[in-house]
Amino acid sequence: MAPGPIRTALKVDLNKPASEQPQLHNRWHPDIPFAAIINPNETAHIQCVDWTGGQVKNDDSADDVLNADLTKIHYLSGPFEIPGSEPGDVICVEIQDVQPFPEQPWGFTAVFDKNNGGGFLDDLYPQAAKAIWDFEGIFCSSRHIPGVRFPGLIHPGIMGTAPSREVLEEWNRRERELINTTTLGRTVAHPPEPKSVHAGAATEEVKERVGREGARTVPGRPEHGGNCDIKNLSRGSKTYLPVHIKGAGFSVGDLHFSQGDGEISFCGAIEMAGVITVKISLMKNGMEILGMKSPIFLPGPVEPQFGPGRMLTFEGFSVDDAGKQHYLDVNVAYRQTCLRIIEYLKRFGYSGEQIYLLLSCAPIQGHVAGIVDIPNACTTIGLPMDIFDFDISPEGALKNGVKAVDMGSCAYTSNRK
Amino acid sequence: MAPGPIRTALKVDLNKPASEQPQLHNRWHPDIPFAAIINPNETAHIQCVDWTGGQVKNDDSADDVLNADLTKIHYLSGPFEIPGSEPGDVICVEIQDVQPFPEQPWGFTAVFDKNNGGGFLDDLYPQAAKAIWDFEGIFCSSRHIPGVRFPGLIHPGIMGTAPSREVLEEWNRRERELINTTTLGRTVAHPPEPKSVHAGAATEEVKERVGREGARTVPGRPEHGGNCDIKNLSRGSKTYLPVHIKGAGFSVGDLHFSQGDGEISFCGAIEMAGVITVKISLMKNGMEILGMKSPIFLPGPVEPQFGPGRMLTFEGFSVDDAGKQHYLDVNVAYRQTCLRIIEYLKRFGYSGEQIYLLLSCAPIQGHVAGIVDIPNACTTIGLPMDIFDFDISPEGALKNGVKAVDMGSCAYTSNRK
Amino acid sequence: MAPGPIRTALKVDLNKPASEQPQLHNRWHPDIPFAAIINPNETAHIQCVDWTGGQVKNDDSADDVLNADLTKIHYLSGPFEIPGSEPGDVICVEIQDVQPFPEQPWGFTAVFDKNNGGGFLDDLYPQAAKAIWDFEGIFCSSRHIPGVRFPGLIHPGIMGTAPSREVLEEWNRRERELINTTTLGRTVAHPPEPKSVHAGAATEEVKERVGREGARTVPGRPEHGGNCDIKNLSRGSKTYLPVHIKGAGFSVGDLHFSQGDGEISFCGAIEMAGVITVKISLMKNGMEILGMKSPIFLPGPVEPQFGPGRMLTFEGFSVDDAGKQHYLDVNVAYRQTCLRIIEYLKRFGYSGEQIYLLLSCAPIQGHVAGIVDIPNACTTIGLPMDIFDFDISPEGALKNGVKAVDMGSCAYTSNRK
Amino acid sequence: MAPGPIRTALKVDLNKPASEQPQLHNRWHPDIPFAAIINPNETAHIQCVDWTGGQVKNDDSADDVLNADLTKIHYLSGPFEIPGSEPGDVICVEIQDVQPFPEQPWGFTAVFDKNNGGGFLDDLYPQAAKAIWDFEGIFCSSRHIPGVRFPGLIHPGIMGTAPSREVLEEWNRRERELINTTTLGRTVAHPPEPKSVHAGAATEEVKERVGREGARTVPGRPEHGGNCDIKNLSRGSKTYLPVHIKGAGFSVGDLHFSQGDGEISFCGAIEMAGVITVKISLMKNGMEILGMKSPIFLPGPVEPQFGPGRMLTFEGFSVDDAGKQHYLDVNVAYRQTCLRIIEYLKRFGYSGEQIYLLLSCAPIQGHVAGIVDIPNACTTIGLPMDIFDFDISPEGALKNGVKAVDMGSCAYTSNRK
């Protein structure tokens, strides 16, 4: 009658390379064999490695970030077969909990080198940097960014279903077209890449095919979710995902202790290994019932709450640093909003890199405010003042003035210029 | 000892053309004479006309929208002199209340014709449409969009300080450059325009100069605020605005009963005439103290609250309707997110225009979720389920199915094709 | 098509004694004639006098409180006939707004003399005291209690339906029994009282009967609501009230700009005259459908929000000031909780009376925490720290110490001992 | 540099009687030896048994509840020495997390027999009953109360510091006086009791003294906290506790997965064994700095959030079931409020015992609304509608009617009459 402990549907070994663990994979492809089964309405634990598969260490140097091999990331747990699911169905993934491993109560946020990953502000902060975060129950703090501490909005960066062959071909078509036609002079998408491919327990033949055809895991994609990096897919949330193959092929990974809207430094969340607890229910013919083309979700009830009056909010517009006017460009506006916060917080003694890291991982609220008033898009970012152990409010600044104090340093590379 | 009623610092006459009322203006220019004085720390009412200056009527035809003269909009109340303020200072505008006029308890949301204003989705919805909203205290509902009712997050679409001559020249320079260099084949910005200029109580000579040089009011701008259309500048909020001229020249207008993030249909808020109550405090040398380049604000404590689990949230990615992959383009992603909601809600019987109008004005939460996972930007929009008087949840759809019922119609033009 | 301004269903004259206005009344009795009609689903404004009918003035003396005639209070607006309603039905009162009169933007909180009204702590604070609150939109502050300012949770202290003859007899029976049997040595209930009776537009004969039989308005009562003083019946709330007579006989009054849980100083809310806007819908046979014996309600969506981490919370137990142990007595525990806050806040310079007044009217959250752990009941009161313009947190006390500063004085009587 | 896993400061053995584990104790007494040390600002795990020490089983009979030995409860973990703490200091206990043991993902709520513990409504529900709750991450549900599921507001029922000899004597004096003078004809307090005393690792001599003098753990007490059963002492909360002996002697236990305000069925929380993670900081001379007589706390930021409009709220008054009027008696009012909810929910098919259990453990909000309107105290209880998987709203009842469906049964005793 009494249910026993919750079943762990998939385990990982943190002391073994992720690439050698057959229950993981790092490509999206319909032919990757199922790693395990999760039955509808069953509650199950799933263990996950961190998104670098252990490449980043708990130390005070960013050399590991600088040298990280970005072909060896995003080792996902799964794919899981969900018995009874067929194309056209929807699976509803209720996240019942996400926890770090007790023996590894820490995570990291990193700025990647402009030539190895980059990030949203890589022209300003082109060199690798890192902050280690220690977990204390629901809270985290970092020796690399003193003066802040906050509750995590813990979530997986990646949840998705396996693509069908048709979906996969569409992904490859459109991303290839972007690569072939871009004039931006930078990497705009990652094509299929045989190097470092991990196709789970696939045979060599399948693995070779997965390497040749399999979609990379970096972007989220509308047809199945994937690496959406949506901070609100936290405890208690329910995500509805379309099913494209028989058995669904649900995969999950890239756990985040916390993340801000935008995840701006690329490896911007607090990345960690850990355990996610899910219950997956099956909605037969759900894609038609819900008219669904992309995932939808309901956030959970235990998101950290700050009163609205405690969210110091910055505005940005689509006029760039050089004073150039852009036409309703939300990306430019969001970047400007970030820069306004960086300028504001620098006055307290933080370095630009520290703030860049902080904005990536703290629970900031990034909104599209106005998108129709030509030529200026306007975005806002709300920064919860209560994550700081000193007063950052404008009133405080007026009353007490602002003094830059020693805020230490984030981790840098040994060859930093 | 006892203070009397709160002073009304500026009145408007709703029965007279806005263009003939010298306490209003519709350009930003340092030479527009002050309309009145508001002393620091004084609480004052300011009356405002609606953003079309009364062109849109409470009826069931969108002909008024179709024919609206867009050179005759944004008649702002002010500019107000804030004694003691000088360039480099900051004024803090506390919004103590915003109310419609008791004798005019209604507002409107409109889709503008593609050739007369347009909007975020004007390729899909190119013709004018309109919804009238009736106010019932904190709530509003519309005979043109049955089945929904919500509390307003009432706010001004426009608050700003007068530009200095230098600031104005910079605006004109950069927007002119955009106009001169764009290849988009559409109006990308509005240059100074002598037609329908309203320079308040200015002399003819000054008025002529304002027409020639004065900045248009459509976009918000980083240096002073303006038409930011930020829904959270509601009751109880505090906005910090830079001062560029002696006396500040604070103006306000374009009151909204409610608006969603993005204000996507352009005239997307629930537009209304009414009264805003403000207290303005002065922060001497505030721009340096706060390191301020753009406005910052603290939201107020009485924003409508829906539990997080009641926000049905849709995801969108930078892959457009035609399946074309864009590079980290938040605008494309936000558009896709809107389209997902439109598809979802259509199944209940609403027309596309009804939903387009609804997304523009209901308190939807639009977030930048991920902006670094090449090539897909990801945005989310949370739709509060409790504004509907029927169950729109996925669970409800599963339990009861979805039936389209008669949802009436929004107001259309008489020559609609 | 377009609805005009909202109808005012009942007006009051603030310059005329409430006792002379036939649309008011100060007893509960089925024979009081209807003052006006409000149709089901109609939105209507109702004007209300303050609960003392104008006896308390906006000045710096509490003599008016000391001398207030407590037989001349609670002049309610109504009773309103709700056409179609019959005994056994339920009316749902949606409060769409509550506002002070624009020409009277202030209210008062008072401690009544122990011999004229008293209050929860009248043994400690037996003499009359008063604080005047000025309204600034959604906010209020008081020259008598400096350093605090908060958004109002505005609501009516009294809403009820007319009793049937049977209900009225039951009230009189049970309250008379309490009066006849009490051993407390203090006034425990107010029996019917012919003095100062106001029966609206009743004939002399009816008025005489109402004086003889009519229930006093001081307590709320389970059968119909009445003077419940529930702070959460604010903007946007819906209250379901049982109907006992044909036409319902809905009355409302005793408007509060704000109140804390318990309303401990008796006249503890911020009392004001003003306007309440309601929509009343009719639920035929609702008492049976809802199994209703007492009112139920849904709070509104715009209650002031403070993050939970900003609510400094005090604990109290059923051990009284003299160290006497009481058995699971929540009243004793709640009193102790109040005393703990008074002690805490006194250290900053406030007088006991100032804090007593503040706890009565500020949005404090009073909870029954534990009621079964013999012999100690435990209650908690959460005090929002953000209503103070200085830091009252324990961390702040630790960091900066606590210094009592000059906090001025509340209003006292001229003969204060 | 990198901290390792968090230290477990105290372990328990779930397979061994609590009475035989020297790191536990079940009395408050200054002479109980410290079980372990927790250093200031150290994060530490503390394991705890459930409050019955394992007497209640995960099955479908309430016989274990009926026969539970109430002298063998409340085995607390500790006391912990906090080095450096002295009488007059305050310790601040930050609760960083509370979790059930992974191998025991369930808890129980029980109604105790009127003659063995009883509860708030034991005259109506005099016989033992039980519900088992299964944990699914942050959620719980029960086979004994179908149709409900909610996120836990997980917390310890008991946290306290060791009493000094003087404090202990005061407790014994006042509780003895109550026992000696009560006329209630029921157990009103538990005096020191040598039977089943557990004094940790004390010598026989000390144990004998602790049995003779030691305070029982059932009630919370103002001087040190103890069994306060405050539901809001959850993840992220900070509780400030007075120190009465050198080393503080902090103890904790009685973990609850969830509890409603009042914990009305006595064993009303969802009782569980588990692990609490704390960080304790030391505030030297804190009692004077904070003017502290009783604990104060700040709730944590991740309390489950339901929108205010989703809290169906019931009112109760101090008129008892028999129609007797009581004088401002909050206990009577709270009881009536509970009864109103029981009546309301019974219509859906639940039994009285099921609802009694549910109100005890679900996150209901119990408020003291009005406490000064003689003779009626008024209390309210808010019930979150979203914990039900069907619509309990009045609107729903009106639209669809109310049908009682088969709601199964809670666990009863085998000899139930």
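By written order: A, B, C and D. Residues from 1 in each chain.
Heads up, the rule we're going with is that a contact is a pair of C-beta atoms (placed from the backbone, for glycine too) under 8 Å apart; a residue touches a chain by one contact, two chains touch by 3 or more.
Molecules present, by chain and UniProt name: A, B, C, D = Formamidase.
If you're wondering where the values come from, they're calculated on a predicted model, not measured in any experiment.
Participant: Counting only C-alpha atoms to place each centre, which chain is farthest from subunit C?
Facilitator: Taking each chain's C-alpha mean as its centre, the farthest from subunit C is A.
Participant: Could you tell me which pair, B-C or A-C, is linked by more C-beta pairs in contact?
Facilitator: B-C
Participant: Report the inter-chain centroid distance for subunit A and subunit B in whole angstrom, where each centroid is the mean of the CA atoms.
Facilitator: Centre-to-centre distance between subunit A and subunit B: 32 Å.
Participant: At what distance in angstrom does the C-alpha mean of subunit C lie from that of subunit B?
Facilitator: Inter-chain centre distance comes to 38 Å.
Participant: Taking the mean of the C-alpha atoms as each chain's centre, how many Å separate subunit A from subunit C?
Facilitator: 50
Participant: If you look at subunit A, which of its residues touch at least two other chains?
Facilitator: Those would be 236, 300-301, 303, 305-310.
Participant: Subunit D touches which residues of subunit C in the complex?
Facilitator: For this pair, the touching residues of subunit C are 92, 119-120, 170, 174-175, 177-178, 182, 184, 187-190, 218-222, 225, 227-232, 236, 240, 261-266, 268, 283, 286, 289-301, 303, 307-317, 319, 323-331, 334, 336, 340, 343-344, 346-347, 365-380, 382, 393-394, 397-398, 401-402.
Participant: With touch defined as at the start, can you tell me which subunit A residues reach subunit D in the complex?
Facilitator: Counting only subunit A, the residues touching subunit D are 1-6, 43, 58-60, 95-97, 102-106, 132, 134, 136-139, 143, 151, 235-236, 277, 279, 300-306.
Participant: Considering only the defined contacts, which subunit A positions touch subunit C in the complex?
Facilitator: Contact set of subunit A toward subunit C: 305-310, 386.
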